[in-house]
Amino acid sequence: MPERSPSAARPAAEDAGAPTGAAGEGALIAQGLRYVNAWKGRTVVVKFGGSVLEANGGGTLAQDLVLLKGAGIHPVLVHGGGPEITRVLERLGRASTFVNGLRVTDAETMEVVEMVLAGRTNKALVSMIIQHGGQAVGLSGKDGRLLVARKRQGDVDLGQVGEIQEVHPELLIRLSEQGYIPVVASLGIGEDGASYNLNADTAAGALAVAVGASKFILLTDVQGVYRDYDGERRLISDLRAADAEALIRDGSISRGMIPKVEACLEALRGGVPSAHIISGSVPHALLVELFTERGIGTMLLPS
Amino acid sequence: MPERSPSAARPAAEDAGAPTGAAGEGALIAQGLRYVNAWKGRTVVVKFGGSVLEANGGGTLAQDLVLLKGAGIHPVLVHGGGPEITRVLERLGRASTFVNGLRVTDAETMEVVEMVLAGRTNKALVSMIIQHGGQAVGLSGKDGRLLVARKRQGDVDLGQVGEIQEVHPELLIRLSEQGYIPVVASLGIGEDGASYNLNADTAAGALAVAVGASKFILLTDVQGVYRDYDGERRLISDLRAADAEALIRDGSISRGMIPKVEACLEALRGGVPSAHIISGSVPHALLVELFTERGIGTMLLPS
Amino acid sequence: MPERSPSAARPAAEDAGAPTGAAGEGALIAQGLRYVNAWKGRTVVVKFGGSVLEANGGGTLAQDLVLLKGAGIHPVLVHGGGPEITRVLERLGRASTFVNGLRVTDAETMEVVEMVLAGRTNKALVSMIIQHGGQAVGLSGKDGRLLVARKRQGDVDLGQVGEIQEVHPELLIRLSEQGYIPVVASLGIGEDGASYNLNADTAAGALAVAVGASKFILLTDVQGVYRDYDGERRLISDLRAADAEALIRDGSISRGMIPKVEACLEALRGGVPSAHIISGSVPHALLVELFTERGIGTMLLPS
Amino acid sequence: MPERSPSAARPAAEDAGAPTGAAGEGALIAQGLRYVNAWKGRTVVVKFGGSVLEANGGGTLAQDLVLLKGAGIHPVLVHGGGPEITRVLERLGRASTFVNGLRVTDAETMEVVEMVLAGRTNKALVSMIIQHGGQAVGLSGKDGRLLVARKRQGDVDLGQVGEIQEVHPELLIRLSEQGYIPVVASLGIGEDGASYNLNADTAAGALAVAVGASKFILLTDVQGVYRDYDGERRLISDLRAADAEALIRDGSISRGMIPKVEACLEALRGGVPSAHIISGSVPHALLVELFTERGIGTMLLPS
Amino acid sequence: MPERSPSAARPAAEDAGAPTGAAGEGALIAQGLRYVNAWKGRTVVVKFGGSVLEANGGGTLAQDLVLLKGAGIHPVLVHGGGPEITRVLERLGRASTFVNGLRVTDAETMEVVEMVLAGRTNKALVSMIIQHGGQAVGLSGKDGRLLVARKRQGDVDLGQVGEIQEVHPELLIRLSEQGYIPVVASLGIGEDGASYNLNADTAAGALAVAVGASKFILLTDVQGVYRDYDGERRLISDLRAADAEALIRDGSISRGMIPKVEACLEALRGGVPSAHIISGSVPHALLVELFTERGIGTMLLPS
Amino acid sequence: MPERSPSAARPAAEDAGAPTGAAGEGALIAQGLRYVNAWKGRTVVVKFGGSVLEANGGGTLAQDLVLLKGAGIHPVLVHGGGPEITRVLERLGRASTFVNGLRVTDAETMEVVEMVLAGRTNKALVSMIIQHGGQAVGLSGKDGRLLVARKRQGDVDLGQVGEIQEVHPELLIRLSEQGYIPVVASLGIGEDGASYNLNADTAAGALAVAVGASKFILLTDVQGVYRDYDGERRLISDLRAADAEALIRDGSISRGMIPKVEACLEALRGGVPSAHIISGSVPHALLVELFTERGIGTMLLPS
């Protein structure tokens, strides 16, 4: 299993060793500039889960996205909004049913899903970015036929839960080039115009592939992927795709983490050079992961 | 009071007389091409009210917008969604209160207004346009800081009812130029990022001015502006601004029509060459108003 | 033999049935816009015979060309001028001799041909287009080496009757893109700078191929191609290339029509998607053929 | 009266003295390059009279124009065609009548004028330029509404003799920039589309002003402007506008030369920096006038 | 006297307090990105003295310039080379004479000055930048007539010591835009092509004004400008122009520092927003001064 | 052995015979314009040896380069500076040692070579071009990594004598396109940033290949390549590559001329269409070689 080490996905750092401390201020800035240069003009797709938003209002996320954009790096934010959907359904007197972690989505539930994702979470994130001085545009996967979907195939009928068929990223690319930070709600549009409820991790990964992102970053409520080392649970810093698949097979990667790692693997297979699972609650976690040699969470790389 | 007659806002029609009938097919096409040439490359802002959508699912509106776009004319669709908002509020067990036709909008109501407008009506219109082969992008006045608003000044506290302070139309103009039909929900964003509930007629008029539209068209549930001629109620075809103001003063234009005429007058004052009030329920009403000499509703012109 | 029916060369019309009648005005406009969208940015080469000009001064031709240009479609007008040439030769006391329909063209006759075509018919057409508000530029096949020709090979010496060797369409394409309507007299230039008398139908077809025209339209003094159906002579609406060749072989297509159909077939072989033979004396025939599902003459399509 | 001497209209020549002779070959080339540099990218309007064409088939004119174009200088050729018009009229049994040197032009004469100028002389010049490897486009003042004219005002009714009202040089400028050498027949178009017979010297001067030419050159059948010096008739090399006007007033400049000098003065008044009257029958006269310090004819400069 | 404090010349730092320490890594990066955004696309002129090069081979200077360029900031390096000139003159057996700190420069000395500055120091700096992965182009003030000078006016004849008359910065601007780091030796060219020896501080300041630099930075062998505070000598962090002038008048700023402060004041007068005097021997001093709130030397601002 | 005769490398001259003499002035200009047209927009690399500069200050070279540039031809000047290097070394009390015509270059000698070439000869040539009205930029092979070299391989250790490994001509091409005349000192830069002394003929040939020059011209102190014809020594006007190789093999081309002819052959092998060896001391030799049919020296062509 590879420990975090210099790799193609991170620009070579000339100044090895700890970059902090009073005397190291200049060295730290030099390191930062090296990374700015490496990622400049590139696109980074960031998945942000609703539960993180609930906890701390998104923390430094909006600020970090605006700083990235200002430095010439193009972030695209993709979000779901599960907890808030459940809450609004409750207020309307409707229960939420899940099968294998997927919300059973009948027509009326779909209406609520769409209203909450595209009308509430999406616009709240847009407001936050604008408040930090950025230019944000909130979209759903229906706008510009960004995410064309169909009814998810499977044994159980989950209603309007969809699976992605085509991605049309032109709108995202244009808005990014024109200085906007696109914020995308994980909804899909059918060939017949119908709405589909999409898994946000999967949607974000598919968009990362389609826009040719240089990085795919999942903001979660944990620090990254852990494993046991001689009985001690330790964070994995670097993880090759083949090793991740092995860890899923041998059960080391547990239930809740599986779909996240799968979304990362799918992005890697589609040509995204690296995928990251980091904590959404640590201030500036996004910047530390992008601009330091050590990083802060788990970086997945192709085998 | 001027009757509908040739004017600067309509290109001179060489083939006078009725353009229909078997022999007149060629003449009708010639007339149509003359109008295509006149409006080509221009922007037309269309305001569409929620109640019309309820009635007939928007009729031929989506189809007409796609045909306009295809012919090189750039439509921008602006919408409200009052009836649907009331319905969702009811389902949540909340009553709707209106003062002078404006919805009293406390914080919780604002959440519902935003969810319904940006998450439901907006995306339904986007789907309809896409179904007819167009490229649509749904936005709210918050995206790209399109409509910056503040709390409406006045005697009565209406909560988060807003009035427009600034319009930033760049995003609309870019999307239009790139082949998209923008669909805008009438929401505003405060300097502090707060959401505001805006009157859709007013928001549409302000956008028409800001994008330099050549026409501002209000789709309503009536045929246009009427007045009494010797006891008979007749549709006014052409109406100069000064005459419209006189008709409001003498009571000829009644309650419900006043804010619509005011929005038109405001657009004319801002430099839009003509404003139109037409029925949203007549098939292809938009095309008939734009591409024939006679038109179908009431055209307001500067004095 | 195919009757006129929906085909690749005509955009699918959603509103089937007769588009005329008072109630159908909107539907007619919708249909027209669909065609404008389909042909926008495309080039249409129109051949106009001298005899038609004689009869009614060109009728609505100039007006129709200006309307097409205004709607974003690029017409190129190609013309001959046989009757006027004969008349001027007569005034100079010279007889006209024809062999197989081709004018025997000695040096002195060539001078008259060139003067009439490039100096008279060409400039008369330019004037007419300018009178209808268009920007026209009159050219001959010598200008910009548009049509490079050599002496026609054959048993009989016809003098300076030429056959086309090369077409250099750059000048036409540039002028079209810059907003001009090019008007081209059917003259050719030899490698040695000599003038050649070219058949106008052939020259127009060759230009249609060279500029990549989407349509090639022959304005003639008949309604189109006819055939006998059970003793009754009926206009053929749609005609596949293979069927046209069969009709020529079995004698159904008669003498005068043969070179016109041949020019159409040559254009189809060169990649022009459709060729049309219509009457030049019906008002707006060009528009009816281009913008309605039924058309007005005979449309030839590849087999 | 200024003798030919270094002036603003000719770039300063560093190598004074005779540039010919075996040893001076390098100096001659150096001088030539200095002039190429000075006139590069500039436009030169050359007026060529029909009588010169008759005499020697245009001599080296076509070759010189092609060389100028190749060196990055943009020539525009303007021509009349009086003698040929007279000859064709004679063949048609019609006499030519002149009043004050202007041809009385009834409707039938106008037809012949147009046929000869636009259909014969114009295309002959186009052929000659193409033969020397240039790209030529033949136009009349009607094409692109280049020369808008009206009936000439005056005591005597001269029929369709016109005077210029507006010049629209865009077509000329575009063709020049795209590598073509425009050849313009001196015809005008009325607001009603009618044809007008224009004086070619005047038309050429008006075009020189409109295109912002750096030089206006009249090719004639004499060496330039002469005057008497102590009984001896000598060519004037440089002539200031004020002096030219004085020479006209005192009769030193005689009948036939007056309209040529007037056309030059009109060009100077319109901002053309220099106007030249040179012989069209001396080989490469155009090049010698443009690329040597001494020149070959008479150069007129603003006072 | 103003202490270093937030001002227009430094972007507002949201994260106040010490940015170092393990927990502050993210905050430090955020601050750095804010500065990258602020200076992106701007030009920074850096003056580098020969004596610093002697001491430590330029330290981190070349690396810092390459990092700036990579982050989208455009550095221009200007240099003198006094000590090396003196050394080469000594090897040639010539003494160096100075009047008021200016080298008396006879013709033979000028040759040596030019050889050393343009042929040795300049190319050594170019090599260093290329070694760190940058694209450098070495120039003198003669190339592209960058610095046009004349003999310095004054009581004493200093030979070819020059004063700047004109600056032609086009070459610098183009090279900067094309990705090169220009390195400029402080030589001038006379109207007659003669070489002039220019003071490097003055030349750098003049270039900063001419290219519209956002910052002018003097790398020296001291930490910045000092003054006495109650008998204690302390570094001044921020200094307004008027205060600097007062300190010169009252003798607080001593001999050697005067010309450096004068060059800074001259740059401020010419519109450069800030000028900095910092130590060239502290590693990454350039980066610390540019990318931290506190900076490291003395920043001069307009009054 | 081919005598000088019309060939692909020289545009066909229509006016054969001697172009001089009073009557032939026009013909001479016509011929010159033909050549301007042929070489316009092309690049010509000129190698200028230091010894020529010594003799007559460069003669008309600077003037000729400026005239070429003005006529739209792009010269690049490459130079060495052997004699001046020897002189400066002498003044420093150091002897010059040569092995097979190559200067043994220890570290200290390299410093002097670099100072003299880049700091003295280079800037002197820049001044001369600027004096004649051109825009010159002096560079060495180190700037922009123009000439990447390594230590010359061979039996004898010559110190820092280099051989070229890569050429990066982008900087030259950009400066040429922007109107500058680049002047390049024949120095190379190692991968480690070290300086290398390069043979100027070889460096010039390599640059000619890399920039895609149309001509490579060696200015020397002889008239060209000579050979014996029946005991009489005659200048060879045209020389095919295979013949040149034969003349080297049979000893007809002697010692000093061998490296020059080799540099020409290397340029021809790299795709330069013709290479020329001419005298640098004949006034305007460059122009006579480029713009006349006969030329003045020896033109080498591919076999």
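Here the chain labels run A, B, C, D, E and F in written order, and each chain numbers its own residues starting at 1.
Basically, contacts are C-beta pairs under 8 Å (C-beta built on N, C-alpha and C of every residue); 3 or more make two chains touch, one makes a residue touch a chain.
Because the structure is predicted, anything quoted here is derived from the model rather than measured.
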Chain E and chain C - chains in contact with each: none
Mutual neighbours - chains that touch chain A and chain C alike: B
Chain at maximum distance from chain A, centres defined as averaged CA atoms: D
Longest centre-to-centre distance from chain C, chain (CA-based): E
Length of the line joining the C-alpha centres of chain D and chain F, rounded to whole Å: 45
CA centroid of chain C to CA centroid of chain F, Å: 60
Between chain F and chain E, distance of the C-alpha-averaged centres to the nearest whole Å: 38
Chain D residues counted as touching two or more neighbouring chains: none
Complete ring sequence of chains beginning with chain C, oriented so that chain D follows: C, D, F, E, A, B
Residues of chain A that touch chain E when the two form their complex: 19-22, 24-30, 32-34, 36-37, 40, 60, 63-64, 67-68, 70-72, 282-285, 287-288, 291-292
List of chain F residues in touch with chain E within their complex: 88, 91-92, 111, 114-120, 122-123, 126-128, 130-131, 135-140, 142-145, 171, 174, 178, 180, 187, 189, 192-195
